[in-house]
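Common to both upcoming complexes is subunit A, partnered first by subunit B, then by subunit C.
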Partner chain A sequence: MSGIANAFRRHPELMVAAVLVLTVVTIGLVNPVFWQPSNLFSLLRASVVTGILGLAVLLVMLSGGIDVSFPAFAIAAMYLTVKAMIAWGFDSILPAFAMATGIGLLLGLVNAVFVHYLRMIPLIVTLGTGTAVRGFILGVVGTSQINIDQMPPKLIDFARTQLFSVTQADGSQAGLSAMVLVYAVVALLIHLLLRHTMLGRGIYALGGGEEAARRVGFNIRQTTFLIYGLAGAIAGFAGLLHGAMIWTANPRDMVGLELDVIAAVVLGGASIFGGRGTVIGTILGGLTLVVITNSLIILGIDTTWQRVVVGLIVIAATAATAWRDRKRIA
Partner chain B sequence: MTAPLIELRHVGKSFAAVRALEDVSLSIGRGEIHCLAGENGSGKSTLIKVISGVWQPDQGELLIDGQRIESMTPRAAITHGVQVIYQDFSLFGNLSVAENLALSSELQEGRKLVSWRRVREIARRAIDRLGVDLPLDALVETLPTSGKQLVAIARALMSDPRLLIMDEPTTALTGREVAALFRVVRDIQSRGIAVLFVSHKMREMLEISERLTVIRSGRVVAAGPISEFDEAAITRAMTGQEIAAEGYRWKPSPNAAPLLEVENLTIPGQLEDVSLRILPGEIVGVSGLLGSGRTELALALFGMQPGYTGRIRIAGQEVRLDSVQHAIEHGIAYVPEDRLTEGLFLAQTIDRNMLATSLGRLSRAGVVQSGRAARDAAGMIREMAIATPTGDRPVTQLSGGNQQRVVIGRWLLNDPRLLILNGPTVGVDVGSKSGIHRKIRELARARGLGVLMISDDLPELVENCNRILVLHRGRLVSDTPVEATSETALGEQLAALA
Partner chain C sequence: MTAIAQRLRRIDTNLLQLALLTLLIFGGMAALNPERFLRPYVFESITFVAPELGLLAIAMMVAMLTGGIDLSVIGIANLSCILAGLFFHAVGAPRGPELANLSWPLVTAGIGLALGTGLLAGAINGLLITRLRVTPILATIGTGQVFTGICLVLTGGPAVVGFPKRWGLIGNGTAFGIAVPLIVFLAVAALVWFMLARTAFGINLALIGTNARAAAFAGLRTGRTVFLSYVLTGGLASIAGILLSGRTNAAKSDYGVSYLLQAVLIAVLAGTNPAGGRASVPGIVLALAALMLLSSGLQIMRFSNFLVDLIWGGFLLLSIALAAWRNRTR
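Now for the complex of A and B:
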């Protein structure tokens, strides 16, 4: 094996880092507007929710599973929480996020029950639970969108917090959303979990081989519940964050988002066969995806091509990781 | 005399209707290398699992240091110093060597956090202890099989075991790697650790073990110090039948036209100037050390080395074998060495595997004539005596010997003229092996098939071939009629080349 291939094998994030740099440089050359702080800040802001959801998917993919239920869980947690905030008249941030996270956690545990006790394939389980949860929200909880006028003001204020702002060449102000910091904290926590705790190593071990993980003494049930529970909790958290950032709670939101997020994670070097992937890679993958899909306009490409681009990225990134991992499935 | 380390007394274990173990008694002394032999399905793995606490025996008792163990669990077994290295090694390919080594002890100590420095220290100690060299940071999946095995052994030794059980450890190793493994095993023994070595290869048992227990159909049929056994005795015990080395007593008619003539076959860097002839009905053995060019020769004849120079004639007609397609058209069949990855479609049924290369012949206008296909497959299952009620079972349910029969049977459906077998009975147990040999000889004689048999197994060559070729560094160094050589003579010739 050549040195480069080996480096990519050991550090999957190198590949995506290279792709990201290449993408950014190309777009910047085509249209220097790209480099304006307002554009860069808005790209960073746009990668927050995709990125956090990507971390949820990363957990599941590391263990050798796949999750397509998280957009539904995110929306359910967000919609239920906002509804509750309005109905019960509370608008403090911490309880709100705790509630959304808790709803996501419960839903994630449902996935875990199916996957662990009924030994069902994660794709089928999460397709089912995702669809059921969406149906439940629309059929039982409500179909109407909650707009800015009804949204709890503190939630919106929170999401509008800026870390700092700079004055651009034309005199306008461009601020960096503080949500980037929230993203960084979540990412750091997941990174610490995965890299420095036995629970996290158990997730990698499970992705490397369930029987082997059992034999060295990992608790497979605990690990499975941790993975799906945590993925659900992160999704719930990200859902409310999303609602706060766009000032709307729309129960029909995020349809089809699972593909973008999975694309980001795979682009970030996670293996579709499990056992391989990192937080850094996922962050870079999310950033790359957001940069590409959001730069179509400044590249003068019709945005209807966005879905085509996402589809192609999924295929290309999956092909690249499958090629890298071909030895493992052979 | 002190009590043996581990003793099984009259142990029985059933799975539903299958009596996997019956009245098995066995004792392993401290620091002893004990070999457990038996054909596939004889109950070896079940016995291991009883010792390691995976299964509870239905009858009988298990004693450690003379103390009766009431109920053995995997955890209790580990506490008592029993470590098992499973056939699949149970390693994590996606994790580094260091982490693979450190994980179980970290878990055992109930650690919650990972210190990578400690992981490396633990791993370094484990490797030093085994006295081998392994790259700590390499992912395990990038190691060769022998390297993975060393990681598994190093990991097992970390918990200071008193008994190390290895389930068929040599199956996927080359000769040199087996020798290295044996050095490691002897070294382990020299520290007072007993080794239970599970195998069905006789040479290995005779070489490594001090005592031998043979089981057949779940019962102990022979046991004792290794000095009381020779190959014939072990074979007899394992199979319950006398498998005489009959030899291939067949003489080609002196003026038979050769089936295959190879002249000056050369592939730069792989084969040099190899010439040989095979008559119809003749079985020609090929031996040689690793890298001798044996496999390259087979691949060239099967059209997989299109860059060759030299002449190849089949039945007197000159041919150019530059694709597999061509080779098949000229009646050449190749059964590869690694049937699991190259020869079989593991996800498919026996029938589909059997028909894999004849679908073209069986179709009319692109549609497979399923009636004929089913008849052909069923006929071949009968002809090759494959042990299955029907052909629609997954091929993975068959034993190694039967899988090999499927691969050979598949080629016979194409009516080949030359059958190339690379390691025809690697990983096949003794009883099945002699069945396959008989079949090959019968095919050669009855159909006038020419056979090129590549093998590391010298008795196999001596028993089945008319002539034996020895290749070395791509050159043909000898071509001897079987009457003029013997297993020992061949062994010495090869040893001299090494």
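Now for the complex of A and C:
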């Protein structure tokens, strides 16, 4: 028994994995429709953007902060990029994603300036930058939605790529979106950064305690700029990916998404006190959240309950994390 | 002359700066469009709209005083007035004279219900934060989702329209030529000012915010005090909800969403230290006046709501920079 408890303590991801398995099995028992490949594939597809944004939030939370500006950054990068693609007539994938990532990076660096030089709490900084950026996009750039007929075709073709498809029992085809692979690559890169580079160690160290990290010799300014810049860049990338996947660029999109993403990250075992959390945990947390919120309908629960469920997940996950870390805080 | 300067210096410099800012905004708006801005109607309407935002800002300030934050205030405000509205519809009728002419005892019961909801919601936040040691940001993000979610489940989405006339008096009425909401706001602000500046409870809160560990070692019952501060925050949020629903004669799950940023903005601008330890009710009143003048001026100049959001966000960042500059010697 204590062996299992020890394993859980040493690998918090196991706990999330257990929750995910339990959720999946329960939902599958209540309604076997859940197991259809089309449903499973669409759940995986739905977790891509939430998951990538979760990785951005993970970086910030590892350092002991929190970010609520990333949906605004994602939308800004997506809308500006798509507008530029239409206006300047370029329709290739790489420059488009480079542009979106770059816009996100710049916005993220603004956060870093406020957090590092002006010493303000990240929540309040990102609340301000997020509102300002969304206000800028809607008030200055435009409010009209760019629909599929105007969207750059190559972007949509890219997002429609499938890894493989299977024939279901009723003869219909169900394909797994190749975007899952994009997600995997981004996750792998972040994992390598966090686990195998000195920069990544610096992020964990900063979350453990700023003064301690400084004395050990980490460059706090460099680390802070890396965290917020990278988080912004990931958000920008995810924003364009989101637009490509839903075939529309809507500047009013993603309102309130920060709550779902933060829920996914804390469910994945990251602690807001910093220094704890892993890429694997965040991926599993994102999957669990997507599975639960998308399965309410096949469970026969009215969708008005969705926010209650997400809120309860946040509370339960943070309470569990706080209980796990109780010795550290006291 | 120097005597006056010295006396002025003894008053909080922050309050002076705020008063100056308020005057500047007033002067600027008056200079930009004198005919339309300098009308009694403009200022009269401010006295009806500002109080609900002011109460939310005070609620936010109380939470920030101990280094926390309450992101669930909007959810609490909406849940309180939706419950009161549903209560009125249950004891009266959904529409018609029966509802409009509900007697004072029943309206008072509704006020009690709304306040009780706020206090209970605050108590839930307080328990999560002090007993389960969940960090305030995540605890109130989670409970905010749950409260808003319960609003959605109760109403199914649409607004609860139609409140008793006597309830409307609280949000729309005038007494002695002054808006009732303003009287409510000033009375509550005075009460909170007294609690924070002149009672052991308030001093303890400031001490806990300055250094929680030192306060605990000094023998303060930190848990109980912080718990009570969140109960107070919840109560204040529900009063804001009563004013909002009284003024608009309706209650909805997503009313006042933009108030969250504005409440944080006013609290920060008022000189509240979000890391804890410092708060000022007179500062809130001045910051509120400054922002309401600015927003009416912008409305008169027909700025779109999105541009106003951009300005709010920019203002928050500016006030952060200002606070950093003010504290640069420390």
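The rule we apply is simple: the second predicted complex is superposed on the first by the 324 of 330 C-alpha atoms of A that agree within 3 Å, B and C clash if a C-alpha of one lies under 4 Å from a C-alpha of the other, contacts with A are read in each partner's own complex, and residues count from 1 in each chain.
Everything below uses one rule, namely that a residue touches a chain if its C-beta (ideal position, glycine included) is under 8 Å from a C-beta of that chain, and two chains touch if they have at least 3 such contacts.
Being a predicted model, the structure only gives us computed values, none of them experimental.
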item: Combined model on subunit A where subunit B meets subunit C, clash or fit; value: clash
item: First (subunit B), second (subunit C), both or neither touched by A:275; value: first
item: Partner chain in contact with A:32 - subunit B first, subunit C second, else both or neither; value: neither
item: First, second, both or neither for A:195, with subunit B first and subunit C second; value: first
item: Partner chain in contact with A:205 - subunit B first, subunit C second, else both or neither; value: first
item: Greater residue coverage of subunit A in the superposed arrangement, subunit B or subunit C; value: C
item: Partner chain(s) touched by A:319 [first = subunit B, second = subunit C, both, neither]; value: second
item: Touching partner for A:217 - first (subunit B), second (subunit C), both, neither; value: first
item: When the two complexes are fitted on chain A, the stretch of subunit B hitting subunit C, from 111-119, 219-227, 255-263 or 345-353; value: 345-353
item: Common ground on subunit A, meaning residues reached by subunit C in one complex and by subunit B in the other; value: none
item: Subunit A - residues contacting subunit C, complex; value: 66, 114, 117-121, 123-125, 127-140, 143, 259, 262-263, 266, 272-273, 302, 304-315, 318-319, 322-323, 326, 329
item: Partner subunit A, residues of subunit B touching it in the complex; value: 86, 88, 90-95, 99, 103-104, 106-108, 111-114, 137, 139, 141-142, 341
item: Complex contacts: residues of subunit A adjacent to subunit B; value: 1, 6, 9-10, 195-201, 204-205, 207-209, 211-213, 215-218, 271, 274-276, 327-328, 330
item: Complex contacts: residues of subunit C adjacent to subunit A; value: 69, 128, 132-135, 137-139, 141-150, 152-153, 156-157, 261, 264-265, 268, 274-275, 303-314, 316-317, 320-321, 323-324
